[in-house]
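Labels run A, B, C and D following the written order; every chain starts at residue 1.
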């Protein structure tokens, strides 16, 4: 596996994870979590685990994102504008 | 700039994800953000588990026309375990979201500190009031 | 072979659980079928208890030890296999908020919990333990929210977060152990002490301990206990405190005795146990409702169990098992008795006049919990002190004082409750709610069990010594597993 | 505001995990058990994909328990909303594109789902991945048409039957071969679709159960439950 590729993916994953905790907009934070799943899925491919990668891609990027998005709708946190959510206190 | 080798970078990714997730679990106050932190921490643990079965220069444990010998394949057991762990994780996540929605509907807020304080108030009220739980349950149910 | 049939204790409740939601919509028989299955399970468990004296293993799927999953079943597992359906039946939700297929779902969660507990009692594979533990966790979240109150959802969510955090920790620990050894069978790990005597393995062990400690109400990860027990239905609290916590203790016991029998690990267990004991009992002193008192005292009692298991000797194991089984019997009974005694403790003044039988039973169980001589609780604490005095090391001497001091604290709050109940001069301030006859029956059965234990204390002690001896003889387990492996190759 | 103690804990955890993972033997897995699976996998299960051999053969009970976890989560989730007044669907007006695309997407997802499930013993993929695809296929109409409601009775029937199939195959093995969940039937021609004995059947059960379970969970989250009466 090429080192540069790994470096880029690891960085992408970690930055996405951090931003999932920091971004004030919940839709963006959810999207960042999906990016984490995507990065991890790519790492699974590099680790010779195609089955796990496929599951992580289908579950983490697809299903989990769908579940979280439905949750966002139900919680009333689905906002496309970048205005900070009032209820977010951290 | 010389990059560290791929192995230590991936280990760092796994450790980083777990630590970021745990930090989020302890520092966030928002119920939804806590759930996101949990998802991140789980991803990190899964990554570490897959790495436990990795071998240098090995191929995926699937027999094909090109790979018909078991020599030089990675360990399939951790992969099967992670498969299980991912599905467990998504089940727990969906249940957690259902609980968050009910909490929001009941209390009208998603801030953990406020909710905790209100729960303590309710407990304190239980300690003072002379009402009986069976009656209270009935009123709650309506 | 007969020993392979033991898996029906997992398969049958699951089979029923999958069908309950469909079945409950169509007919009303579900209220009968599920308890009937539990009774059948009790019969099967009893027959196993009589059929097997020596430990045996079951290879699931017919795959030998390091490749496949094995169940390792000794006397303690068989006892637990019997106690799981018994306790579930005694705490069965005869009344429910739900109807139709939702009622079926609620009962299905109970059956799943039974299957998960049975699996934990038997499993001898690290990852399989994790999976059963997660199953138990999800089922217990479902049970906690089944009271359908706002605070139950909140307490349940906080419980879910702590529990899931623990699961991540346990998974990390399992990953580290797999890195080092490449196997998951506990008995196989026990034969590889060289790979496991290094810092990463110690870290892995701490992670696993904290991870599985969540349900065992272990010290740093037990913040959920008082919240959940107050917020949910009392009988669910009884089930979690009585039964579920014991299975989590058994996981920890399996990991400590087989994977990590190192001195530092035993002292870590001792310190966590001491912290749990002291914090639990002191908080129970400050509690102002009975449920609160009982939940804090449950943390304290489980602290005692951990202290007992931290003594690396047969007496220690025996004391731990005795304390565990005693708590399994007494705590659910106390929760059932106080189910309708809500409100502050001072509001219960003179209650003994209105419900004399319940008050007497409360006193009976409270005295046993405290460890007053003729009751089994006394013998369990006596064994514990014996074990602690035999062990060397300053911390163990300190533990003796801590156990005695905390017994005094326990006495203070329990007698405070009892004197309030028996304050005959005061007028009873509030009406007494009659308990359902099923509740009374359960409490009476538990009381009979307690008195039978008083009466049969010496055969019971012999049996316990046998169980402890089996648990301590880890080389027998290793040989049993390795022997099967050799025969197949 | 940053809290001091959690930061300290996180820093400590980071430090410890970094040290510990640095000491781990990366890329040289000892494979005490894994080696055995690599050499014995085909002989005892007949599956070309050894991950499938582990998931359904060597560690079959883990998979059964995992299905049960999903079942328990779905049951608990629907208990959470069972006593709440039901409201209309989530999306009032279906987007035009989604409405039109559904006729084309639905069969595609179904076919792909079943393909992934049935080839699980040969290529990467299997019951979970295929099951998720099935779940999205079942859920799609709910998302696009507010009037469409999932038939919960059918869903619980499917999940019940799939779970029962898995256990009954396990019990059959117990009484025929002597061990719970032991692989059954002839292994067949290695590498062909109808090979690996009972494994494809088990994976089909897994796929259907995962699909039904997740579709139920999704529709629980999406459609049911209006506002609670506030406290």
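The definition used in the following text is that a residue touches a chain if its C-beta (ideal position, glycine included) is under 8 Å from a C-beta of that chain, and two chains touch if they have at least 3 such contacts.
The structure presented is a predicted model; accordingly, all values stated were derived computationally and were not measured.
By count of C-beta pairs in contact, B-D exceeds the other of the chain pairs A-D and B-D. Look at where the CA atoms of chain A average out and do the same for chain D: the two points lie 20 Å apart. A straight line joining the Cα centres of chain B and chain D is 17 Å long. In this assembly, the C-alpha centroid of chain B lies 25 Å from the C-alpha centroid of chain C.
A straight line joining the Cα centres of chain C and chain D is 30 Å long. Taken residue by residue, chain B touches two or more other chains at 12, 18, 21-23, 27, 46, 48, 51-54, 60-62, 74-75, 77, 79, 81, 83-84, 86-88, 90-92, 94-95, 97, 99-102, 106-107, 141, whereas all remaining positions touch fewer.
Among all residues of chain C, those that touch two or more other chains are 97, 127, 131, 134, 138, 141-142, 145, 148, 150, 153, 172, 176, 179, 182, 184.
Among all residues of chain D, those that touch two or more other chains are 17, 21, 24, 26, 29, 31, 33-34, 37, 49, 51, 58-59, 62, 66, 69, 72-73, 76, 80, 83, 124, 128, 214, 217, 221, 225, 228, 231. The set of touching chain pairs reads A-B, A-D, B-C, B-D, C-D, using the touch definition from the header. Those residues of chain C whose C-beta lies close enough to touch chain D in the complex are 1, 4-5, 7-8, 10-11, 14-15, 17-19, 21-22, 25, 58-63, 66-69, 97-98, 101-102, 105-106, 108-109, 112, 115-116, 119, 127-128, 131-132, 134-135, 138-139, 141-142, 145-146, 148, 150, 153, 172, 176, 179-185, 188, 195, 198-200, 203-204. Contacts from chain B toward chain A in the complex involve residues 3, 5-6, 9-10, 12-13, 16-17, 20-21, 23-24, 27-30, 32-33, 35-37, 39-40, 43, 46-47, 50-51, 54, 58-62, 74, 79, 82-83, 86-87, 90, 93-94, 97, 100-101, 104, 109-111, 113. The residues of chain A lying in touch with chain B in their complex are 1-4, 6-7, 9-10, 13-14, 17-18, 20-21, 26, 29-30, 33, 36-37, 39-40, 43-44, 46-52, 55-56, 59-60, 63-64, 67-68, 70-72, 74-77, 87-90. The part of chain C that touches chain B in the complex is made up of residues 97, 127, 131, 134, 137-138, 141-142, 145, 147-151, 153-158, 160-161, 164-165, 168, 171-172, 174-176, 178-179, 182, 184, 227, 230-231, 234, 288-289, 292, 339-340, 342-344, 347, 429-431, 433. If you check the complex, the residues on chain B that touch chain C are 18, 21-22, 25, 31, 34, 38, 41-42, 44-46, 48-49, 51-53, 75, 77-78, 81, 84-85, 88, 91-92, 95-96, 99-100, 102-103, 106-107, 115-116, 119, 122-123, 126-134, 137, 140-141.
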